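What follows is a pair of complexes built around chain A, which joins chain B in one and chain C in the other.
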Partner chain A sequence: MNLSNISWRKLGLNAGVPLVILIALIFVPFYGSWADYGITLFSLFLVYIILAVAWAMFTGSTGYLSLATAAFYGIGFYAAALLYPAEGALVPLFVVVLVGAAVSFVLAFIVGAITLRLKGIYFAMFTLGLVLLMYQVVNYWLISVLGIRGIVVALESNEVIYYYLVGILVVSILVAYFIKRSKWGLALRSIGDNEEAAAHTGVNVTMIKILVFAISAALMGAVGVIVATKTTYVDANTAFNPMISFSPALMAIFGGMGNLYGPAIGATIFTYIQEILQTGSLKNYYMLIFGLILIATILYLPSGMMGLIQNLWNRIKGARRRALTRG
Partner chain B sequence: MLKKVLKFTVPLALCLILVLASILVAGCGPAGTTATEIVIGATRDITGPQAGFQTYGTAPVYKMWIEEVNAAGGIDVGGKKLKVRLIEYDDASDTSVAVKNIEKLCTQDKVNFLFGPTGTAMLFAVAPIANKYKTLMLGSEGGATTMEPLLANMPYVYSVLNYSNHFQLPVFCDLIAAKGAKTVYICFMNDLHGAEYNLTMQSECGLRGIQVLEAKSIPVTIADMDPIINEAKSLNPDVFCMFAYPNQNILFMQTAMSLNFNPKCVIVGPGCNFGFFNLMFGAALNGVCGEGAWNAKSSPAAAAYAQKIEPLVGGAGNMDWWGSIVYYAEYQYFAQAVTKAGTLDTDAILKVFRTEHFQTVVGDFYWSVQGNGTGGGLLPQACYVGQIGQWQNGIFEVVDNDSHNTASFIYPKAPWPQS
Partner chain C sequence: MHLLEGKGVTIHFGGLAAVSDVDFYVDKGEVVGLIGPNGAGKTTLFNLISAALQPKPGEIFFKGKKISGMAPFKICRLGIARTFQTVKVFSNLPVIDNVRIGALFGAQKRLKGNVNPEVNELIKFVGLTEVANTPARDLTLAYQKRIEVARALATKPEVLLLDEMMAGLNPTELTESMELVKKIQQRGVTVVMIEHVMRAIMGICDRIIVLDYGKKIAEGTPKEIAGSKTVIEVYLGVTNVGSKKA
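Right, the complex of A and B next:
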């Protein structure tokens, strides 16, 4: 193996930065007197980062706007409600996470097989409809069949919740990275560019779309399980809240979907802004400020924060090169 | 060139403003507890669908109580008067935001105590979190049968409001059974409140030999009640139960009057207990029952309280004849318990909560502690001013069949007035 062929800068960026971030994340719960609040805030960051990365994994490449996030996330909630109730857990938590992910995968596979032939606004409408359908069906089942409304899930400690989320984040990033770098990633990008052309070149477009859609759904379902052990109360409103479909999408757009860091940066900044606006002295203007930020992003940052950073970096590089040339 | 510069400076400037604003806003956040004050936190629906409760629910009551306490120099804690400071966050009735708010209140703001959230579902969502952080939460709007077994393991949660089996519908069913009612039609909203009232009503009717002709669920978005009222009319029940929220209850009243549906007794859920129902329906409301209940005739203390709270909620239309008085009594109890404990230590205060009686606006006030004396608390029946109200000539009369009643139960009620 010739080490001189390795681009150390590229390797540093691809492996070093995520590794440093991961190590920092592992030590967050032990960070001094801020730890109590820090761990809950960072858990929130992780939830939205995973959802945004999972969402961008499919939509970012294919251009199919999925608003089904809340449906798969909600399945995770109900997996926790049924298998991990406050009265006594039926199976260990990691099994519940696997079940939440598996059920979401299967549902997304079925839904994808039926609907991924739809395009554009029709697919977006169907996926949002799926969230509303899940809400109605589960609500009917609980109220009219079981005669109950909410189910209380066993409460987990902040540390357990946090480390599960770190674990799911690592899996999400690895899955997204390897899909992007694989033949599937190339196929997905070709689908996004021109689906007919991709099909003519021999790409099994339907199967690839369905599988990636189902994989992203599995990650959403896994997060739902963990969040349920944090919020503990599960009802159809909490589980199938349409805002959960919109927020990660907006976060990913805000951060930029060109690479893996975009959705993660978008989710972190968005969640933090949301947090300080909702509970700070501007809390009564939260929605107004949030709306202005969104409008500004769409008008001035069509490629998101990562696009802005890349543009700036290119300009700095260009300026340095010009200076060197002149010198 | 200028165009190129602007292309990047505008988004950059926006980002800079955002970052600076975030730092400023974060810096403006409330500080933690100091030794000179008692900090109480609350997550409330300030901008969402239940925001009305900030005007006529628990919020005006605790705000009035805080003003009174602070005007008197504060609560006596071990010989030192400590003023009360409130930190209130908006959750817009989103349970995930409410949970996050409670976590922030407990971990960052380090509040000493919590006021309850807006509504039963929110209470379910935040009670385990308050308990997890071992922060005493004083109940507000909301309470549920399904919460009772959970309270056994939630020693930091005290739920103050009465609800279906605790003790409203047993009292109501006693009233209608004593008058000879034989049949009931139940219409309920498909949420926690409606589902629990429906099941409790069916069970209480079963115990008294009253037949439930139909139990129909409705969605929160219902816009037309004609089919339900027509069906109920054809079944001719003695009693019609409408277990839903103000919007649906108003729709029911309008539809029942327009279709001239006149059962002998009508009971209507939340909304009926507020003054605005009386302002909307006037004389037509005579004989309509609601969940509650208290009024200015309940006692001289209740009359004084009604006089005090009415201008603060914005007039007679916003008077809450169900929970308002027990919320205030709960805060009065809390202040005395803190003084008795002589410390802000939650466990010491809980010991007082578990054993002590104090005099409040509703008279003798104490808790029924769940889980064999180690869990959270519910208010015993003796501490409520009433369970069932009935509008009679503009007053929400307490018609319970005991010493609480301020008027006799009218059965059958008069038909709707013909316009």
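Right, the complex of A and C next:
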């Protein structure tokens, strides 16, 4: 039964669809006249997909609502500002990415050790507080200590930025996939269902929560580094923007978190809507529309877009099976 | 040396001594009953043993080693597993994954290859094979209690703490449940069970400990307890023994 055709087909599907998507992504920059706009748009997709996937990795299964995304993303910005300034990079870009990820990991580990005892809304408030705290501390350090407002980061070409993002996305998906499929993924879900019971069943709940929180933070930090080389001017407002804590979370909820594709689909759709609205006359209505769609999702699609697709698919399959058995 | 032992175990909630200076022991292979009126401190004593709470003052030993102060997951891995009076299953996970978590994260002495055979065996052992792939939330309370038993057994415990496993069961389920406890004992697992159902307590336990207002007021064989004047006064006298079934 283990090696039946079905499981091989599943495996092929599991690896096949992502591979096709990956190859398509690799060729985006080569699509003729559309390429310049396309590469910018797709970079934006990738940024939000990575943030949504990283966020869902921790919150999707444990149910701990983290609003700290902007804090870790901002750390990436400042890793770039300090190690990759316009007047001369101190280390190669991939080292900056690793540093941004490592610093975010360590900060998340410490913050996690302190706050993951907090439950529900208290954890959410603390993580949002962390973003505001980082903002204040960095602002103070820049203005009062260094006497500057922002730092200019070396500009990277659109292609370099794009391929770095593809690389970080691949790492994010692989990490999310392996956590989900491993016994740690099962442990995370047990924590989400009943943390106390999980602890009494031998799960080291504190350790697992902190580790996965830190891993997801590392991915957010890595993205921050790359976005900074595109934005080039880094100050506390761009680095620690609370919207970065909210948007990916809302995108992941919209897409559905029961499945790895959910956050990615949610992020793609919302980034696109955002792009259209922000360049048109509806600029000011983006947040309103975003909010309305989200409320509708929570009310009518508790498992998000992916849940809806899965339901429809099951129904089609069910109907086909019924037709086959009857006919 | 006792398998499990408590010395002067005490805990206060505000001014209330929920468990007060309790000495107890459990020997290998026994089925020990823990009885007493509602609010006597039975569940709290389980919480202390499984380290959900820490005794203050008091000490708890497992195989001669002090375990008070350890984290709950460590207590579980050492070989003390429990169920909950108010069921705490992983409601969104199927039965099989509930049990699998116990097998994957419990006592870690053994090799961690494929745990499926032992998981399936335990699901069969508690009689849940037909619903193995059903999410726990869709099952009745009686089934959820059995999930907890299988999940606890999957951690490979030496001591199993059962908190009111038989509450709310109908007579048939009750008989099955009593059989189950006997079978657990035959697997070599020592059992401590909190129970109000006297038929079960008197029928299965080798020894009974009686708590009242946080204090241990009696201890002995079912026969001794049934004949003890103190116990009849504070506990058995209060509830009607004969009619107490569910």
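FYI, the second predicted complex is superposed on the first by the 312 of 327 C-alpha atoms of A that agree within 3 Å, B and C clash if a C-alpha of one lies under 4 Å from a C-alpha of the other, contacts with A are read in each partner's own complex, and residues count from 1 in each chain.
Everything below uses one rule, namely that a contact is a pair of C-beta atoms (placed from the backbone, for glycine too) under 8 Å apart; a residue touches a chain by one contact, two chains touch by 3 or more.
Given the structure is predicted, the values throughout are model-derived calculations rather than measurements.
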| item | value |
| --- | --- |
| Which of chain B and chain C A:V205 touches, first, second, both or neither | second |
| Touching partner for A:K183 - first (chain B), second (chain C), both, neither | second |
| Chain A residues touched by each partner, larger count belonging to chain B or chain C | B |
| Partner chain in contact with A:N314 - chain B first, chain C second, else both or neither | neither |
| Partner chain(s) touched by A:D235 [first = chain B, second = chain C, both, neither] | first |
| Partner chain in contact with A:E196 - chain B first, chain C second, else both or neither | second |
| Touching both chain C and chain B, counted on chain A across the two superposed complexes | none |
| Residue numbers on chain C that touch chain A, as the complex places them | 50, 52, 71-73, 75-77, 81-82, 84, 88-93, 97, 100-102, 104-108, 151-152, 155 |
| Complex interface listing, chain A residues touching chain C | 183, 186-187, 189-190, 192-194, 196-206 |
| Footprint of chain B on chain A - complex, ascending | 36-37, 40, 44, 86, 139-140, 143-144, 147-150, 152, 155, 227, 230-233, 235, 237-238, 241, 243, 272-273, 275-284, 286-287, 293, 296, 300-301, 308, 311-312, 315 |
| Chain A partner contacts - residues on chain B that touch it in the complex | 8, 10-12, 14-15, 18, 21-22, 25-26, 28-29, 46-47, 89-90, 94-97, 99-101, 103-104, 107-108, 121, 124-125, 128-129, 132, 146, 150, 153, 190-192, 194-196, 199, 217 |
